[in-house]
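Structures follow.
There are two complexes below, and they share chain A, which is joined by chain B in the first and by chain C in the second.
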Partner chain A sequence: MKKFFSLLVLLIFSIYSTFPIWHIFNVSLRSDNSFQNDSLHFWPDSLSWKNYEIVFTKTLFPTWLFNSVMISVMVTILGLILSITAAYALSRFSVQGKKGILTFLLATQMFPATMLLLPFYILLSQFHLLNNFWGLLIIYSSSALPFCVWQLKSYFDTLPFEIEDAARVDGCNRWQVLWKIVLPISKPAIAITALFQLTTAWSEYAMASVVLQDPQMQTLPLGLKSFQSSLATEWGLYAAAAVIVSLPATLAFILLSRYLISGLTLGSVKG
Partner chain B sequence: MANVEFQSISKTFDQQNILKSVDLKIKSGEFLVLVGPSGCGKSTLLRLLAGLEQPTSGEILIDGRNVKGVQPKDRGLAMVFQSYALYPHLTVKENLGFALTLNKTPAHEMEKKIQEVAEILRLTKLLSRKPGQLSGGQRQRVALGRSLVKNPKIILFDEPLSNLDAALRSRMRYEIKKIHQKTKSTMIYVTHDQTEATTLGDRIAILNSGKIIQLGTAQEIFNKPVNKFVAGFVGSPEMNILPAEFLGHKNIDFGIRPDDIQIGDGTAQASFELEEYMGSHYMIYARFQGQLLRITRSQSVSKKTGDLIPLNFNMAKAHFFDRVSELRTNS
Partner chain C sequence: MRFLTSLIVILTTLLVLFSNLALSEDSPKIHLRLWHQLMYSHRTVQADLIKEFEKQNPDIVVESSYWETEELRSKFQASALGGIGPELIYGPSDQVGPFYTMNLLRPLNDLIDEESLKDFDPISVIRKDKSIFLMGDTTGNFLCLVYNKKLLAQAPSSTDEMMKQGQEWKKGYYLVWPMQEPFFFVPWVAGFGTPFVDQNASPLLNSSSMKSAMTFIRDLRRSSFVPKEADYETANALFKDGKVAIILNGDWSWGDYKKAGLDIGVAPFPKISATGLWPSPLVSTLGYSVNKNIEEAKLPATKKLLQFLLSKESQLSFAKEVGILPSRISARQDPIVKEDPLLKAAAEIMKLGQPMPIEPELRAIWDSLRTHYQAVLADQESPEKASESAQLDALEQIHVMNNVEEVSWQSYVIKVLGLLVGLALTWLGWQWLKLIKISFGEIGKFPYLLLTPAMLAVFVVVIFPFCFNFYISFSNLSLRTFQNYQLTGWQNYIQILENPTFYFVFGKTIIWTFTNVFFHVFLGVFLALLINQSLPAKPFFRVLLIIPWAVPQYITALTWRGMFNSQFGLINKVVHDLLHGPAIEWFSSPLKAFSACFLTNVWLGFPFMMMVTLGGLQSIPKELFEAAKVDGASTWQTFRRITWPLLQPVLRPAVVLGCIWTFNNLNVVWLVSNGGEPADQTHILVSYVYKSAFNLYRYSSSAALSMIIFCVLLAWTIFYLRLQEKVSQESTSDSVEGSHK
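For the complex of A and B:
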C-alpha cells in the first residue's frame, strides 16, 4: 500500500514535469501552425514529420547544430583538461596560497552571469574575438572552471595518496600517475564534470547572443530564438527544432547516469 | 643488490621532529629489519629512501650515489605499502604486471614472471579479480607480489604480513627469506612481529623517538640491550624489570627475562598469583618485592594464589640499567 502511494506520487510528478515537453513534441508533429489552438488535445491531431524536414532543409538549423556541437565538444575537452590539471595540483601539491586560490574560485561564482556580459564583451572586442568561436570557447570553459575545479578537487582529496606513491615507485612519472591511475579511478567524477560543461555550453544563450552576431556562426539556442522573432513565430518549426536540441543532452544523461549514481555514493566505498 | 646509507637524516612534519639525525648503513644484499613503537617514523624512513618524501636535512646514498632530487622511479627499488595501495581499477594480474608494462618488458617474459610470483604467493586463481573482490590477506599478498616481479635492487617492506593468519604468515616469511637468498636484493623490512624480526633480519635496527637506538644482530640485541627501552621492546614475553635494591645496588634497575628465572631451589621468595597454559609452556605470574614477575616454565607449578615459591635468578643472564639515564651498566 505504501509502495502504491509512492508510485502514485512519482507518477503525478513525472506527468507534471514531462507534460510541457510532451506538448512541444505534440506541436512539432502538427502540420499547421496551431500552437495556440483552443483544442489542446493530448494526442497529436496529425502525424506529420514535415516540420522536421523543413527545419533541416530550409533553415540554417544544420549550421547551428554543427556550431553548437563543435563548441560544446571543444568546451568540454578544454574544460576537462584545465579543471583536471588544476584540481589535481590543488589536491596533491603544496601550492603557495592554496586556500586563497580556492576561496577566490568560489567567490567568482557569486556574480550573476549577466553582470559579466559587458566586461566580457569589452574584453573580447579588444582581443578581436567577437563573432569568433574562440571567444565563446574561452568564456564558456573559463566560467565553468571554478565549479569543476572544486568538484574534482574534492574527489581527488578522497583518493588514498599511497596508490599514487606506489605507481611512482613502480615507474610512473607525475603525468603517468595522473593518466594511468588517477583518471581511471576518477571516471565518475570526470563524467559528472564533463556533463556539467557539456550542458552549460549546449544551452547557453545570453553570452552567445552577445558574442555571435553573424547568423552563420550562431548556436542552437540563438537559432531557436530567431524562429520566434523573424518568421512571425513558426511554432511548428520552433517545436521541432526544440525537440532535436533536447535529444543530445537527454542522451548524454542516460549514457552517463551509471556514473552519476556511483558518483553520488562516492566516498562511502573508499579503500 | 645495492648498499644504502642514511647520513644524519632529519625529517620535520609541521614543526614536529619525526626523525632526528638518523645514521644508518645497510650493506649490499643485507636483510635489515626495522622495529619500533607505532608512530616512531619507520614508514617515514622508508618513504625518504623511496623518494616519496624529502629529508629536512641530511643525505641518502644508494650505492654511494647521493639520490637527492632523483625521482622514485629512478631509484631502482620496490616498496610494499602498509595500506597495500593496490590499483583498484586493475586486475590482480595487471597490478602485478604494472611495473613491467611501464619498463616495456616483452609480453612472454612478463607472463612468465607474473605466473612465477603468483605461484609463490598462491595468487594463481585470483589473477582476473579486482582488488575490491579480495580479502585483506589476499590484497596483502598482491602488494607483496607487485614488489617482487621487477627484481629490484632494493625492496622496502612496510609491515607486509600484518594481516595474515599465523599459518600463512609463517609460510610467507619462509618465502620472503627464500626470495632474499635467491635474488640477494637489499631488503629493509618494517615489522611489529618479534618472530619476523629475529628470523628474517641479518641485523635489526631499533628506532624510537626519531633515533636509531640500537643496531645489531638479533642475538646482540636480545642478549645485550643498550637501554631499558630496547630491553622491554625486544623479546616476548617481555623482560621483567625491577629495582635492584634487593641485590644491594642503589639507583639501578635489574632486568631478567622470564626464561632466566627458575622456580624451586632459590633463596628469593615470591608469592604465586596465577599461571597460564601457553601450549608449549606455562606462564607463571608471581609477586616479588611488590612487583609482578613473568616466569616461563615447562611444567605447571600446582600452587594456589598466595603460596610462597622460591625463585632462582640466573645472574649470568641478568641486565642492569641506570635508573636515571636508563642505559645498560653491565657488559
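For the complex of A and C:
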C-alpha cells in the first residue's frame, strides 16, 4: 500500500516535470505556426516533421550546432581542469585564506548578471575578443566554477587521506597522486562537474549574444532566439529547435544519472 | 587517461584552427556589418537582395545579423559605448530618438542623393536638426482591423455597428486583440478627440478622451463576444483557428495569415459613434541608420549598399514577397503595389494615422500608460484616476530620464574613499601574499600552483565588470550623458533607499526567495526519500524528475507562460474539465501572476534539491537506520532524528546557492509575467534592475541597485553559513549520539 502510494506520487510529479517538454514537442510537430491552440491535445493530431526539416536544411542550424558542440566540449575540458585543481588544493591543504576564497567564489554569483553585460562588452572589445571563441571560453568556464569547486571540494573531503599518503611513500610525486590516485576514484563527482559545465555552456544565451555577433559564429541558443521576434515568432521552428537543443542535455543527464547521485555530495563548508 | 590527454590535444588544436579560420580572412574585401530586426519571412528576402548586391560588388562583403528589437537597441548602445559596433543598423524609426540623444548616429545627408530624396514618402525620412538619421524602405507598422472573410462579409464601420454585430454574434468570439498592450489601445484615444501625445512628444494622458477611451475599452473587454484574457499569441491563435471574426493587429501579420490560408480583409478601426471621429493608428517607418563610429574608408561601400537597399527594385521585391508598402512614391505606382488589394487598403488606412513620435520620452509615456491601463483592465483603478496618475507618472519619469546630476562635493569624497579602499585592499593583498609565502614552508608551493589558474580566471572575469558597475553606480550615466558621464556622488543610492517602491519590491523578493527555496527543499527531500526506497522502475522516475533541470530555462519559462493562458492553457483546461471550476485569469491580477511565476520556478528548482538530497542520503551510514528500527523509532522520528540532521551539511550550501539563484532569477519572472504584467506588479529586484537599465536608460541607478542586491546577498550568505554551522554542529552531535543510546 505504501509502495503504491509512493509510486502514485512519483507518477504525478513525473507528469508535472515532463509536461512542458511534451508541450514543446507537440508544437514542433504542428504545421500552423501557433504556440497555443485550442486543438492542442495530449497526442499530436498529425505527425509532421516539416519543422525539423526546415531547421536543418534552410537555416544555419548545422553551423550553430557545430559551434555549440565545440564550445561546450572545450568549456567542459577547461572547466574540469580549473575546478579539479582548485578543489583539490582547497580540500587537501591548509591554504591561507581558504574560507575567504570559498566565500569569494560564492560571491561571484551574487551580482545580477544583466548588469555585467555592458562592462563585458567594453572589456572584450578592448581586447579584441568579440566574435571570438576564446572570450566566451574563459567566461563560461569561470562562471560555472564556483558551483563546481564547491561540489568537487566536498567530494574530495570524503576521500580518505591514507591512500594518497601510501602513494607518496611509494614514490609518486604530488601531480601523480592527483592524476593517478585521486581522479580515478572521483569519477562520479567529476561526471557531475562535467555535466554542470556542459549544460552551462550549452544553454547560455546572454553572454553569447554579447560576444558572438557574426551569424557564422553563433551558438544554438542564439540561433533558437532568432526564430523569435516581437509579435512574429516562428513557433513551429522555435519548438523544433528547442527540442533539438534540449535533447543532448537531457541525454547527458540520463547517461550520467548513475553517477549523479554518488557524485553529488555538496558537502560541509568547514574551512 | 592517455585517451583523455590525446582528446584534449586534438580538441585544442581544432579550436585554435577554428578560431583562426574565422579571424584570418585577411582579404582586401570591405566588410560591412548590418544589424537588423527583420522578422523571419522578411529575412529571406533581405538575404537574397544582399547576395545580389555582393554579386554586383565583388569587393564588398555584407554580414547581416538578426537581433530582437529590444536587444538590437541595447546591444547597439553597448557597442557604441565600447567605441565599435556595426556600420549599419536597420530598425523602427522610434529608435532614432534615443540613439540621437546618446549621439550614436552619423547623419546620412552625404550618403543619399538629393534627387532621389524627393521620391520618398516624407514620413520615411527621419530628420533631427535638419540632418537625416534614418532612411525608411517601408512605411506602415500600423494597427488595423483584420477580419476573416469566411465569417464576416464586411468590417463594421462604426463602434455602434461593431457592438451590435458583436452582441448578435453566435459563431464563437467576435473580436479579439492583445489586451494588455497599450500600443493596441492608443489608436482609440485619438478617436475620442485628442491623441495621447502632442507633437513635441509631451504626454496628454489626462485628457477627457483618454478617460472615455479607457471606459470604452474596459466595457468592450467585459463584453460577452470578447475572450476574457488574450495576449498576442492567444489572439493570433484564435484568429488563425477561425474562432474569432475580427482581430486588431498590425500590417506585419497579414503575410502570416495569408500563408495560413485565411481569406482576410483589412479595414481601419471603426469610427467612434459618440464623436464621429476615426481612431488614429500610429504609423512609423522601418529603415537604415549609420553608426557614428564608422570608419571613413567604409563610407563609399556603405553608400553603395544604402542606395541598393533603398532602390525601387529592392523595395518592390519586399512588396512582392512579403506584402509591405514601399516608401518610394515611384514604387507605389508599380502594378505590384497598385494591384494588391491589401496594399491598396494599407495606403488608405495610413491616411488616418499619425506618425509615431521618435523622441526618447515616448518610452516613459508608454511605461506609465502601460501600468495604469493594465490597472484599469484589472478593475483596480477607475479610468479617471488611471489617466490622472498616468500623466503624473509620465511627467515624473520624463523628468528623471532627462535629469542630469551635477558633480557635487560628494564626488571628491568618493574619490578619496576609493583611493583609501584601493590602498587598503592592496595592503591586505600584500599581507595575504606574505602569509602565503610563510605557508610555503609548511605546505609547499604545490597547492597555490593548483589554485592559481582557477582564481585567475574567476578574478579576470569578475573583477572588471564589478569595479565598472561600482564606479558607474556613483556616476550620472543615463540617457543624456551616455558618452560623457561623470562621477557625481551617492545620489543614486539615496534615491533608491528613499523610494518606498524599493522596500516593497525588496520585501516581495525576500518572500519570493524563501517560499521558493522552501518548496524546492521540501519537494526535493520528499521526492528523494520516496525514490530512495526499493521501488520498481526507480531509474525511470529519477530520469523523468530531473528533466526540468536539464532543459534550458528560457525554453521552459515560455512554455509555462503558454500553459497559464486562460483560454488555451493546459492548467485551466484541467481546472475546467476535471474540477469544473471557472477559468482562472492568471495574468489579470498581481497575486495570480506572481503565483504563476512561483509555480514555474518551483518546477525549475526542485530537481536540483532532489539530486543533492539523494547524494546526501548515500553518505548516511545504513547502520543508523537499522539501529533506529531495532529501537522501534517511527518513520517520522527516524527522519527528524537521523536523516534531517545528517542531510544538513549537504543541504546547507545547496540552500545558499538556491537562494542566490532564486533571488537573481530574471528569466522566470520576466518571461512568465511578460516583463512585469499586470501593471508592473510582479517585479522582483532583478527584473526591476533590468527594466530600469534597459527600458528607461537609468544605467547608473541600476548599477547602484545591483550593488545593493550584491551587499544584501553577501551579508545574508555569511550570516546564514555562520548560523547553520553553529546550529548543525550542536544538533548533529546531539541527535546522532541520541540515536545511539
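Everything below uses one rule, namely that the second predicted complex is superposed on the first by the 254 of 271 C-alpha atoms of A that agree within 3 Å, B and C clash if a C-alpha of one lies under 4 Å from a C-alpha of the other, contacts with A are read in each partner's own complex, and residues count from 1 in each chain.
As a convention for this text, a residue touches a chain if its C-beta (ideal position, glycine included) is under 8 Å from a C-beta of that chain, and two chains touch if they have at least 3 such contacts.
Everything quoted here is computed from the prediction, not taken from an experiment.
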| item | value |
| --- | --- |
| Simultaneous placement of chain C and chain B on chain A, clash or fit | fit |
| Which superposed partner A:Y52 touches (first chain B, second chain C, both, neither) | neither |
| Which partner, chain B or chain C, touches more chain A residues | C |
| Partner chain(s) touched by A:E234 [first = chain B, second = chain C, both, neither] | second |
| Touching partner for A:M74 - first (chain B), second (chain C), both, neither | second |
| Chain B versus chain C as contact partner of A:F61, first or second or both or neither | neither |
| Partner chain(s) touched by A:P160 [first = chain B, second = chain C, both, neither] | first |
| Touched partner set for A:F253, first chain B, second chain C, both or neither | second |
| Partner chain in contact with A:L117 - chain B first, chain C second, else both or neither | second |
| After the two structures are overlaid on chain A, angle v-u-w for chain B, chain A, chain C in degrees (C-alpha centres, nearest 10) | 140 |
| Minimum distance between Cα atoms of chain B and chain C in the superposition (Å) | 8 |
| Chain A positions touched by chain B in one structure and by chain C in the second | 184 |
| List of chain A residues in touch with chain B within their complex | 160, 162-163, 165-173, 176, 181, 184-185 |
| Contacting residues of chain B [partner chain A, same complex] | 47, 50-52, 71-73, 77-79, 81-83, 85-89, 98-99, 102-103, 146, 150 |
